[in-house]
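Both complexes below contain subunit A, partnered by subunit B and then by subunit C.
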Partner chain A sequence: MNGELILFFVLALVAIGSGILMLNLTKVVHMVIALVFTFLSIAGLYVMLSAEFVAFVQVLIYSGAITIIMLFGIMLTRHDDKTETKIGVPRMILVLTGIVAFFVVMFFQINDLSFGEQAADLHVDNTEKIGIALYSKYVIPFELTSVLLLVALVGAIILAKRDDEDKGAEDNE
Partner chain B sequence: MSSVPLSVYLVLALILFCIGLFGALTKRNAVIVLISIELMLNAVNINLIAFAKYGINPSITGQIFSLFTITVAAAEAAVGLAILIALYRNRKTVNVDEMDIMKR
Partner chain C sequence: MTLEKLLSYDWGIMAPEFTILIVATLLSLMDLFMPNKTSRKPLALLGIAGVIIAIVFSVLQIGTEPTSILFDTYRFDAFALAFKLLFLVATGLILLLAIDYEGEREWEFRGEFFYLLLTALLGAMMMASSADLITLFVGLELLSISSYILAGIRKNNLHSNEAAFKYVVNGGIATAITLFGMSYIYGLTGSTNLYEISEALTNPAVEQNAFLLVMAFVMLLVGLAFKIAAAPFHMWAPDVYQGSATPVTAFLSVVSKSAGFALILKMFLITFLSVQGWHNAIILELQPYIAVIAGVTMVVGNVVALRQRNIKRMFAYSSIAHAGYVLVPFVSLSLLVFKMTWFYLLAYLLMNIGAFAVIQFVTEKERSEDFTAFSGLYKRAPWVAVMMAVFILSLAGLPFTAGFIGKFGIFMSSLGTGHYVLASVMIATTVISYVYYFNILVQIFFRKGEVDRLLPSIGLLIVMIICGAGTIFFGIYPGAAYDFFQEFDMNELFIK
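Moving on, here comes the complex of A and B:
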């Protein structure tokens, strides 16, 4: 029982516990706040897996941006009703059965999966290696990602824009 | 060098994926459904990064894949939330079981 194993179990416990808490809380804002802890502990797991840059990106994008945008979505819509009116019991049993079957099948597939000890030095100059690979080997997917982000930005603005403002802008022109 | 084997990371990712799947299938608030999908994508990212370190051919490629996944997930969250707000403006609801306008 060394330190790395203890750290892993603490991070995994926080991640799974926050996920379970997300399923059981009643207010939607509390659910999102619970998921922040899951995202942060997943970032800690990335550091353990020698992926420091991805851990920083995880903290910035998930714990920062996506959580804030979800909180905006909750605040801009009606959030005062608690989700006490659950779905029906037969459907809940069906969903639980399906998920437990999926879990059992996948668990027995991956339980004793191991490729042996690999001597990877990914943690040495991690950000530099990612930058070099991103701008040499993966430069076309990188540029396509920028186009995708632009399309998502424009699409989100057009979708969320009010229709009456649209008419007003057309009348002004 | 490391004492945490690959399969433990995969089992953790599987548990998180199952939690996200359960939330996406049973919750009624559409924002919670969206964030459950984000949790499932995070579980996939854990798998990618675990295979990048402990896989057959360990390299930096898994981390780059996970960076692209994070980017696409952020774009998906923004567009999904924009659709949700447009729908809320028309229907005054965010419950997924009341979004049945194409079923009627």
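Moving on, here comes the complex of A and C:
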């Protein structure tokens, strides 16, 4: 067993373990912390696959921005919220069977996967290559994504903004 | 890639998309600079003008050779154009509906509605006119995210909040499954271009992993079945349709669904048509499963609709059932698959938007969404009642309406390819659907209600007249639509 494999197992274990913790913890802040560990170990997996750029983005966006926003959201609302499980046992067993079946099927297929030869020079200038592909070959989806972000932004403002007139109306009533 | 190379592409072919994008941007800027208490309704007129310009551009493009920009991340062909025309016409009609939507107190000042509708349309158009998984996915998300916001835009309405929340959670899961399926396809073929994928899939090294391909196919189908609200992934539809504003409901049930079908046809037929599974072509091997989805969708949609009293929920289940009908040509895969799907979606567009125009008219006047709100409509607004009768007869699939021609075509194509079970399910569920459709007609013509006269506003009247005339015209003379469709050479879809 070489070092790479050990590192992979450690990262994978942390990722999956924190994912399960996130689902099973009851306090919402603990869930966020568990999520951070998942994000970070996935970033570690990306580094192992020589995808440093994706790893950096993962850390910046997921572990950084998204977690912070979640924490803000929790702080500004009810931060001592706890989940209450209402799912019945039969349903739980049904879902679990489905998931296990899916896992077993996919696992054996991926184990048997054969591709022939693998590309060996993936790590050479890969950030530069991503940049070039993004701004030349994929410029249409890139621009479309900017429209998408604009829509998400506008949507967030519409749904979250307090309408002053309603506030006034309530006070009058 | 140099700038000259970038500029050498025929960007003019994207004129319809650019028009919609520019109009949406203009609307958002105008909305920003308009005074707070000014009605935003005039913005809709500009939106409609934009849609009409885009339609003109599209019509002028009929007969143009297939054009590809930047490695098929944008691809113009007859398939794309035929579906884009449907989306554009439907969105134009829905904008007309939206002008006269009263809704809540603050609705009049909601300019966002109009440009979110246009960005959703832009997403749908990109889904029809791209042959690259990345663009297709971004288009799908642009459509979905705009729809989530549109569903929740009446934010002081509890039903609308529930609708938006259900839609965003369920939609997010469906998106994740679609993306998971796409990632397997990319992993196996090393390309995001649909044509390169279809070539790579015939490579023996990839064919060894046929099982993973099947799983990828299934995951894509599950994710997209959500988009078209096919059973068993339909549970979101009734709540979302009920909670959204009526124009949004019309948009979700027509444009969003048609875009889903465009994506399914395009993705599966280009990439998987010639790919081997274990024994047979993958698409033939999975045909029974898709047939089950189609059959279950028809049964669930029509049977559950029987129990609904809320008119919008009833139409949500009706639209689920129609998704089942439209899946039938995709299952039977005759040579006419595009023609049948396109014509049925055209008929569905006309009759469903028309029906929603009447629903909006009645529910607003009555302030009730119960189907008894329709009682005595014939006495109160005879012409509207007659229009509604036309739409309902067409939805039920009775002769001399576009819905009949569409359904008949689908039925014959499924018989022609030997799918007798599916064809009989279709007939049986159609008969079931008569019960709830005619229930509404009984309310309209035979029950007594209020006696005051009702007059629809101009926008609603225009929508009703266009949809009613279209429904009857294509019902009596379907050749017009079929001849028009002959202009589109669907084989272009398969030429790289």
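Simple rule for what comes next: the second predicted complex is superposed on the first by the 153 of 173 C-alpha atoms of A that agree within 3 Å, B and C clash if a C-alpha of one lies under 4 Å from a C-alpha of the other, contacts with A are read in each partner's own complex, and residues count from 1 in each chain.
Please note the rule applied: a residue touches a chain if its C-beta (ideal position, glycine included) is under 8 Å from a C-beta of that chain, and two chains touch if they have at least 3 such contacts.
Fair warning: this is a prediction, and the values are worked out from it, not measured in the lab.
Of the two partner chains placed around the shared chain by superposition, subunit B and subunit C are both touched by A:Leu113. In the superposed pair of complexes, A:Gly155 makes contact with subunit B and with subunit C alike.
Of the two partner chains, subunit C is the only one touched by A:Val105; subunit B is not.
Residue contacts after overlaying the shared chain place A:Ile140 against subunit C, while subunit B stays out of touching range. Look at A:Val10: by the touch rule set out above, it reaches neither subunit B nor subunit C. Between subunit B and subunit C, B touches the greater number of residues of subunit A. In the superposed pair of complexes, A:Ile68 makes contact with neither subunit B nor subunit C. In the superposition on chain A, the residues of subunit A touched by subunit B in one structure and by subunit C in the other are 106, 110, 112-115, 138, 141, 145, 148, 151-152, 155, 159.
In the complex of the two chains, the subunit A residues touching subunit C come out as 105-106, 109-110, 112-116, 132, 136-141, 144-145, 147-148, 150-152, 154-155, 158-159, 163, 165-166. Of all residues in subunit C, those touching subunit A in their complex are 1, 6, 21, 24, 28, 69-71, 73-74, 106, 110, 112, 115-116, 119, 122-123, 126, 130, 132, 134-135, 138-139, 141-142, 145-146, 148-149, 152-153, 155-156, 164, 205, 208-209, 211-212, 215.
Residues 2, 4-5, 8, 12, 15-16, 19-20, 22-23, 28, 31-32, 35, 38-39, 42, 45-46, 48-51, 53-54, 57-58, 61-62, 65-66, 69-70, 72-74, 76-79, 83, 85-87, 92, 95-96, 99, 102-103, 106-107, 110-115, 117-120, 122, 126, 129-130, 133-134, 138, 141, 145, 148-149, 151-153, 155-157, 159-160, 162 of subunit A are the ones touching subunit B in the complex.
Touching subunit A in their complex are the following residues of subunit B: 1-12, 14-16, 18-23, 25-29, 31-32, 34-36, 38-39, 42, 45-46, 49-50, 52-56, 58-61, 63-64, 66-68, 70-79, 81-86, 88-89, 92-94, 97.
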